[in-house]
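Structures follow.
Same chain, two partners: subunit A is paired with subunit B first, then with subunit C.
Moving on, here comes the complex of A and B:
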């Protein structure tokens, strides 16, 4: 039983655009959302740039009672879910509650909220810790709050696989739809831009310390020296293709294939791609564009580039990394790439990879600073998580 | 639904009261408790000062100094349990295609103990708003993103298949195993090393649960502090631990002559969509999860021999759950023994679901229903057979184990004696 699972709604919160319309109009023309970090004073830290979401006022979108109990990541998630449902033309109240689920990925939970409460604990005492801390921090918070806000009682869950999580959550959602759930809100949003989160991100050893936003995050470039963190991500509405058609829904495309592997003696990325293509019943030559993980760390770039050349041949497929405009959004990144892939297929336009001057020796056909028109039927999205996680997802228009 | 059936062929438990499956079963079958006054830090400032702590020496369990240095305590538990489970299974993982072996590790709160310490250091005891990266632990990133737990286990057992942490609050330990079962059934993996871990006994956790009065203040009598289904219950006792299983497809397990501990016959999770910490008294969503899990197992409610309850010992949970059992099992709920091992090993958040699966497997193996310790005072709202104080010898072929968690998650799993279903 492998019913086709389609995407019918997108909810996007990104540093270069809030909402699908703003995000895509910025992304298609290469407008970056990376700039000096303003959320707190970055002067003491080696990394000073970030992809911050500007102009997001939670009060405009959410009831006031939710504000004291939520971190930025949960507020963004709730709004992204609202937008995705609206985009899909779905009113959750009209559907049977047990037929709707929520599956998200998270990297580090509501980290800013927890920094505040830990400060209360250690500077004042345990009695000053918020009654909301017990759930505002933990990794399941976004799924729980989205399910409550929308009355969704079906199979729900949370996966944590660092930056591969955005794809893993969508794959788990597809699994639940194949087992009979009608609709799943799936994807990931991450937001870690507090000083404690910033320190956490630094300990990955992979942050760019450049101070010029145009030279900070340069995947597949000789100058690659780490990435810029961002906040945001995307939530998608997944439905069974038959059900979506029956209700006359607009369909962005299909989640056609997926696989996940873990690095061992050799990197597992190639195997993930091959298994995802097999799952989609497609050959490498069917793939029209690859959304790269684009770590901008020389060893990781080398592995990804070699893998793509092995699978697709020398300059064998257009490759792009629109995350160069947002910074890496951790679990949110791959979910946003997935949403972007659907937008790209819809317009027939591969979004650009900004700032990077790709090194020839990688052998990639990297779409540069100008978007490239192309007939796009099939896209491959790649994501890698710290420690050895690889995920690959194939989507079809 | 595919015909692939999933069985447990290896397991290892690290629970309060003794590391290892045998020590765990002794504690449960003898009805002893492992709750005590907190020793990890001075709990004087907290309302609740009891916990179920493990006396755990990582070096005694084969971890190297590097492993101990880079891993949070919960990751250490997971790796020790995973190695133990693989050894118990007799599986030579090195002889298998590593891409067909996956890992799922449940955890509700990740590396809480380390993060609490990390924060304290970089903020200089909460003094600094702009925390100082010069004082960050070099392995902070492993604490920051708890996917490191799955990564450590995957490396420890040589898995290169799908690997992840599953984090759905206090049902994580059921959901992690349920996720793994789905991967084997759909054909993505042949072997899953699946389980859960949590080591949350730290000041920030005590403060969190104090703030909502979820944990018991019964610190004058710590050995009897965890009192599920008792009329005097007033909150749960925080615990820690891990349980990890080797899951295999039944036919391939048989072909290699593996000892099959139990079949995972059915699983489902549902959400209450009601409140992040509150439960509606009717138990409708847990009941739905139970019904779907039974359907998947192709069993009638009357075929359940024992219910391993969530039984946290909060007022609302035990009531909610009792209602859910009646709603899903009907009159059979009154005839079925129900017990909570949290009375003995406390509530280890994301880990407990897997520890309770282990208790269920052992109940089947030994034909013994573990008791609910400290249950002396009946509660009129909890009117089922909770097996007070003393374990009960009876045939146990099938077990229903359930969990309920913050975020509204309600999960249920049905386990069955292998001969019963595999004939």
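Moving on, here comes the complex of A and C:
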């Protein structure tokens, strides 16, 4: 019998809401954070829409010493971690340093910071490059900075598996807790809405080039033609269920099952779902809602829809994609979906999938533009990463 | 031409520009105390000093030995090391 691992804190930074309260009050009513890209002049680029986080002033949340050494993604990560710890009622200074770990996922590291420093390098010379570039660019930087800020010296790391990373990091945190670490800060935030990041994102060939935010990211719709990138994500506080109960913590729910597969001759998504359900000791009929990967790329939508019909039957389970309100946040997306699943179970409300008019032939019971009240005990969160990563996580209230 | 100088105020300005203000106001105390406080106690690590040295080199057009960063563990030692380079510039 392996120890049950539960979530006791959430920290959310999303394009449609900063902080759990703002995010959930926007998400439950279908308020989208997708709009024209404003961080730089996007006119010369095919894709012009993004899910930007507005109103985030790092100076209001972080000490001066951290500002010259951090990219936007690290600032968001640090603040999300602070909020998650506060939400869990945990003061890291009161706990033994080696009993706390940090495991995040990242798709790009600190891109905007790097863009600035590379610009200095090539326009002015190496002596103009910040010493902090040495780590500010790095995939592991969010983990490192959260660890340093909170004095967490237990098992830590970073996972780089694109979108799937948001789940893979939480799964790795669960492993470490089962091995004896008391508490792990886990999840992912991604942010690369700078012109260099934008060029990189275009190479996937999967960005929507639509101008209308209401028609840009339409998973499972006949008009699906790519996604809108966004920034943000979520960090979660994971603890052993016994320990959480002993300290009287409020518990959002349990990380009940997980599996990861890689595409081979056949897509690996179905296997990931089946293995995650087995890990949770649950049957498909136990799942009350699925948070879809929702690529909005016709072939990937077809694979996901067929998989869900194979596992759950024709219109066999409610499916939703609240990321239609934020854009795809890469590793941040799956972590945010996990957090959203806990909020949905807490309220008994499946958040909407906005803008999409689902194609009948997919056979999905896609929750539309209105949220759907439902008794939710168990949710399945799916995430696929570019290149063939599939991850599935089952959570239980 | 006046001799270029490098003072505690110059060091503070460059530390703040490049690495931000330490928590706890470690730079704000009495100048004589600050001069002899270890950088690590003020709230600056080796990377902050590397960044500071790099900015000083750019601003003053000098080359600081790498040993300055490792050996000068207080503002006084750092200022003295920079001062040595200012009075004996590379020709």
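Methods note: the second predicted complex is superposed on the first by the 396 of 397 C-alpha atoms of A that agree within 3 Å, B and C clash if a C-alpha of one lies under 4 Å from a C-alpha of the other, contacts with A are read in each partner's own complex, and residues count from 1 in each chain.
As a convention for this text, contacts are C-beta pairs under 8 Å (C-beta built on N, C-alpha and C of every residue); 3 or more make two chains touch, one makes a residue touch a chain.
Keep in mind that this is a model prediction, so the values were computed, not measured.
Q: May I ask you to decide whether A:127 touches subunit B, subunit C, both, or neither, giving the answer as first, second, both or neither?
A: In the superposed model, A:127 contacts both subunit B and subunit C.
Q: Once the structures are superposed on A, label A:165 by its partner contacts, choosing first (subunit B), second (subunit C), both or neither.
A: Touch status of A:165: first partner only.
Q: Quick check on the superposed pair: does A:69 touch subunit B, subunit C, both, or neither? Answer first, second, both or neither.
A: Touch partners of A:69: subunit B and subunit C.
Q: In this superposition, which partner touches a larger number of subunit A residues, subunit B or subunit C?
A: Looking at subunit B versus subunit C, the one contacting more residues of subunit A is B.
Q: First (subunit B), second (subunit C), both or neither: which does A:218 touch?
A: Touch partners of A:218: none, neither subunit B nor subunit C.
Q: Using the superposition on chain A described above, determine whether A:287 touches subunit B (first), subunit C (second), both, or neither.
A: Neither subunit B nor subunit C is touched by A:287.
Q: Quick check on my understanding: which residues of subunit A belong to both its subunit B contact set and its subunit C contact set?
A: Subunit A residues touching both partners: 69, 127, 130-131, 134.
Q: Flag every residue of subunit A that touches subunit C in the complex, lowest number first.
A: 63-69, 127-128, 130-132, 134
Q: What residues on subunit B touch subunit A, complex-wise?
A: 1-2, 45-46, 98-99, 103, 107-110, 115-116, 119-120, 122-123, 125-127, 129-133, 136-148, 150-151, 154-155, 158-169, 172, 175, 179, 182, 186, 188, 203-204, 206-212, 214, 268-277, 285, 288, 405-409
Q: Could you please specify the touching residues of subunit A with respect to subunit B in the complex?
A: 1, 40-41, 44-46, 69, 97-98, 101-102, 106-109, 114-115, 117-127, 129-131, 133-135, 137-141, 143-145, 147-148, 150-162, 165, 168, 172, 175, 179, 195-205, 259-264, 268, 271, 275, 330, 385-389
Q: Any idea which subunit C residues touch subunit A in the complex?
A: Of all residues in subunit C, those touching subunit A are 16, 18-23, 43, 47-48, 50-51, 54, 57-58.
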